[in-house]
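The following pair of complexes shares a single chain, chain A, combined with chain B in the former and chain C in the latter.
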Partner chain A sequence: MRRAIYSEIQKARRTKTWLAVSVLLAVQIAWAAWGTGNMNADDLRQGWLLCLYQFPLLNSIMMPVIIAVIASRLGEVEHKGHALKQLETMMPAWRLFDAKFLCGSAYVLVAIILQCLVVVVIGCTRGFEGPPPLALLGSYLGSTLAVSLTLLLLEQTLSLLFNNQAISLAVGLIGGFAGFFALYLPESIHKFIPWSYYGLLMQVRMNWNRATHVTRFYTLPLDWSSLTVVLVVFGAAYIAGHVVFGRKEV
Partner chain B sequence: MTNAITTVNLCKRYGETMRVKDLALEVPEQAVYGFLGPNGAGKSTTMKMMLGLVRPTHGTVSIFEREVSRRNRLSLLRSVGALIEAPSYYAHLTGQENLRILTTLRNLPDQEIDRVLSIVRLQDARHQKVGQYSLGMKQRLGLAAALLGTPRLLMLDEPTNGLDPAGMQEVREFIRSLPQQYGMTVMVSSHLLGEIDQIADSVGIISHGELVFQGNLSALHAKSHSGIAIRTLSNEAAQAALAQQGIQSGRHDGFLLLPALSDAELARHIGLLCARGIGVTRIEERRKTLEDIFLELTGTEVSL
Partner chain C sequence: MFARALRAEFLKLRHSPIWLAFGILALLPAVIGTVNYAYNIAILQNQWYDLWSQHTLFSCYFSLPALIGVYCSYLWHLEHADHNWIGVLTAPIPSIYVYLAKLFVSGVLMALTQVWVGLLFVASGWLAGLSSPLPAELPVWLLVGAAGGIIISAVQLCLSLVIRSFAAPVGLALIGGIAGLVAMAKGYGVWLAYALLALGMSANNAQGGLQCSPGAFAASCVIYLAICIAFAGVWLARRDIVTG
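Let's turn to the complex of A and B:
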C-alpha cells in the first residue's frame, strides 16, 4: 500500500490539483473579508458564529465541485494514457482505489484545515469578541470532512469507471446546486441528497427579525442522526466503489 | 520443453457474441510465439484474459505450469512484462518519471530505468513529457516498461504499431534476440503475417475467436506446396492423356492443375501431349504462399 500511495504522489506532479483547492480558499477568504468588513460591536460579538454559518453554506456549493475536480484529476491521468491495464498487472484494483482515495482525502483534509485557519485569522484580525470557538471549529472540521470524504468516494468511483470525466464533473456540479437549494425544501426531502449534508450538519443557525432587521446567530448541538447517515453512506459507497471498480474489465 | 503459457477451453462471451471460443494455446518456453490473426479476431481479448484484466467466461490459463487464479495472479505476473493494445503512459510526466512509477510499484532499482531506456533508445527523450512523444516513441516507452525487471515472459500486443519501417525492423530484431540473449519467452501478437514470419519460432493463428492453426512456423511453410498449371487447346483431352500416364489433374479457371513435377517429368508429359496433337499454350509454376494459407485458414483478406 505504501508503494501505491507513493506512486500516486509521483503521478500528482504537474497535475495542478492544488489550484482547485486554492480557488476554493481564495473565494472563501474574499467572501469572509467582504462579509466581515465594517462590523459594529454587535456584529463583532457574533463574528465567530457568522463565519461558521457562512462557510458551510459556501461549502455546500463549492466543495462538491472542488471534490469532483480532485476526483476527476485522479481518474483522468489513468484513462488518458490507458494506464489501468498496466497498473492492474502490478496491484489489485482495490489497492489502487484505496491509494487514490487516500491521496484525494489529503487534498480535502488540507482544504478544510486551511478553512478553519482562515476563520481564526479573520476573527483575530477583525477583532471578533472572545477566543476562537475551538469546539465548534473542531466539529465543523469533523462534519465537513465526513461529508466531503463521502462525496469524494462517490465522485472517485464515477471518475474511475468512466473514461469521460465530464460525467463525474457534471454530477459534482449538479449535486452541489441540488444540495444547496434542497436546504430550502423540507428536511424529509433534503435528507436524501448527500450533497445537502454540509447544511444539515451546520451547528450555527440564524434568526432574522423581519421587523427590526436584526440577525441573531445561535448554536445547536451536533445532529448525530445526520452524521450517522453520512457515515453509513460512506461505508456503503466505499464497499460499492471497491466492488464496482474491482469488477471493471480494462 | 515446458510451456510458458497454456490455455484450456478459454472462452469469452460479450452479450450474445462469443469473442473467444475454446482456445487451447501452448506457448513454448524460451521461444518467440507469434499470435496471428486479422483485426478483431480476439487476440487482445485473449492476452487480457491471460493477464487477468478480463475475466474468462470459461476455461483456464496457466503461466509457467501454474494455473492462474485470483489469489496467485499478481505473484505469477511478477515474472511477466506486458504491452497490451496502446502503450500505457502518463502524458503530463516525462518518460523517466513514467518508468519511475513502475519501478516504485515493482520495487526495482532506478538503474533499471537507464537500462531499458538505452535498450529502446529513448535516453535522449527521457526528460521530455510523454504527451509530446510521437506514437512510435510512446510504443518504445511501452516496450521499455514491459522490459523492466527482465521478465521471464513478455507479452506484446502489436508492438510495432505506429513505428516507421526502420523502427519496425529494429523492434523485430530485438524481439527475435530476446530468447537467446535473456532466456525470455515472447508472445507477440500481430495481424501482419510477414512480421510473424520474420520473428516467430512457433505460431498460433486465430480467426473469429477460434484457433485455426498452431505449430512450428516450418509446419506452416510446409503447407505452401507448389504445383504446375498448364493450358492446352483441349484441356479435356489433355486431362485424359495425363491420367493414362498416372498424373491426376484438376481443372480451374481454364487451366489444368498438376502436382509438383521434376523438369524431366514435365518435359516428358508435355512432349506426349504435343505428340497427340494437343497444343500446349501456357505452362506456369503455381506456389501456395503463406498469404494463401493464412487466407484459407482465416477466410479473410491478408494485411500486408
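Let's turn to the complex of A and C:
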C-alpha cells in the first residue's frame, strides 16, 4: 500500500491540483474579508457565527466542483497514459482505488483544516467577541470532512470508470448546484441529495427580521441523524466503488 | 478553409455528453427560481420581471458560467488527448482558425442555451400562473446575454487551450461566475468578462435595463474578444505542442 501511495504522490507532481485547493481558499478568504469589512459592535458579537454560517454555504457551491477537479486530476492521468492495464498487473484494483482515495483525501483534509485556520485568523484580526468557538469549529471540520470524502468517493469512481472526464465533472456540477439550490427548498427535499449535506449539517442558522432588517445567528446541536446518513452513504459508496472499479474492463 | 474547420468542430460534437449538462444545468436554476418565486409571491408583485430576477439570480452567476466552462473544455479535450495536436496543427489551415472555429461553435451552443433558458422562463411563468403578457424585453435580454456569454466562451477557450486538464478550467469558470456576482454588486460588472452575461441579461434589474451604457458594454465585449483572439493566435503559433 505504501508503494501505491508513493506512486500516486509521484503522479500528482506538476498536476497543479494544489492550485484548485488554493483558489478555493483564496475565494473564501476574499469572501470572508469582504463580509467582515465594516462591522459594528453587534456584528462583532456575532462574528464567529457569521463565519461559520457563510463557510458551509460557500462550501456547498464550491466544494463539489473542487472535489470533482481533484478526482478528475487523479483519474485522468491513468486514462491519458493508458496506464490502468499496466497498473493492474502490479497491484489489485482495490489497492489502486484506495491509494487514489487517500491521496485525494489529503487534499480535502488540508483544505478544510486551512478553512478553520482562516476563520480563526479572520476572527482574531477583526476582533470578534470571545475566544474562537473550538467545539463548533471541531464539528464543522468533522461534518465537512465526512460530506466531502463521501462526494470524493462518488466522483473518484466516475472519474476512473469513464475516460471522458466530462461525465464525472457534469455530475459534480449538477449535484453541486442541485445541493446548493435545494437549500432554498424545504428540508425534506434536500435530505435526498448528498450534495446538500453541507447545508444540512450546518450548526449555525440565521434569523432575518423582515421588518427591522436585523440578522440574528443562532446555533443548533449537531444533526446526528443526517451525519449517520452521510456515513452510511460513505460506506455504500466505498463498497460500490471497489466493486465497480474492480470489474471494469481495462 | 474556415468552413472545413467548422465542419470538423461540429463533427467532434456528435455523441457528446455535454447535452446532459446543457439540459440540466439550465433547468436547475429555472426550477429553483420558479419555486422561490412561488414561495415569495406575496412580496414579488412585478410578475414576469420578478420571475426573471429569480431565474437569473441563480443561472447567471453560478450555472451558466460553469456550463460555458464545460462547453469550452469539451471543445478542446480531443486536441489534448493522445497525439491529436500533431494532426490538428498539420492540417492545411491557419492555426488560429482552430480557435475561431471553436469560438463559433461555442457561440452556437450559447445561442441554443439562451433559447432553452427563454423556453424554460416562459414555461415557468405559465406554470406559476402569470397572467400578464410576456415582457417585450425578453428577446433583448437573451440576445445581449448571449453576447456576454460568447465573451466568457472566448476567455474559457483560452484557459482550456492552455490548461490541458478538463476539470480545472471549469472550476475557474465557477469562480469567475462568483467573482462576477461580487463585481456586479460593487458596480464594476462591465470591467469583468464573467459579469457580462449577467449584465447583458439584466439579471436582478430586469425593469432597469442594462446597468451600464450600451457603448461601454459593446466596448468591453470587443476588447475582451480582441485580447482573447490575439492571445490564442500567439499561443497557437509560438508555443510548442504537448501531446500524450
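Quick notes on this structure:
In this section, the second predicted complex is superposed on the first by the 250 of 250 C-alpha atoms of A that agree within 3 Å, B and C clash if a C-alpha of one lies under 4 Å from a C-alpha of the other, contacts with A are read in each partner's own complex, and residues count from 1 in each chain.
The definition used in the following text is that a residue touches a chain if its C-beta (ideal position, glycine included) is under 8 Å from a C-beta of that chain, and two chains touch if they have at least 3 such contacts.
All values derive from a computational prediction rather than experimental measurement.
After overlaying the two complexes on the shared chain, residue contacts for A:Q10 are found with chain B alone; chain C is out of touch. Once chain A of one complex is fitted onto chain A of the other, the partner contacts of A:G127 are absent, as it touches neither chain B nor chain C. Of the two partner chains placed by the overlay, only chain C lies in contact with A:L185; chain B stays clear of it.
In the superposition on chain A, contact of A:L19 is made with chain C only, not with chain B.
Applying the stated contact rule after C-alpha superposition, one finds that A:A83 touches chain B and leaves chain C untouched.
A count of residues in chain A touched by chain B and by chain C gives the higher number to C. In the superposition on chain A, the residues of chain A contacted by chain B and by chain C overlap at 15, 80-81. Those residues of chain A that touch chain B in the shared complex are 3-4, 6-7, 10-11, 13-15, 77, 80-92, 249-250.
Of all the residues in chain C, the ones that touch chain A in their complex are 16-18, 20-21, 24-25, 28-29, 31-32, 35-36, 58, 62-63, 66-67, 70, 73-74, 77, 81, 165-168, 170-172, 174-175, 178-179, 182, 244. Interface of chain A with chain C (complex): residues 15-16, 19-20, 23, 27, 30, 34, 61-62, 65-66, 68-69, 72-73, 76, 80-81, 164-167, 169-170, 173-174, 177-178, 180-182, 184-185. Against chain A, in their complex, chain B makes its touches with residues 48, 51-55, 74, 77, 80, 82, 84-93, 97, 100-102, 104-107, 130, 145.
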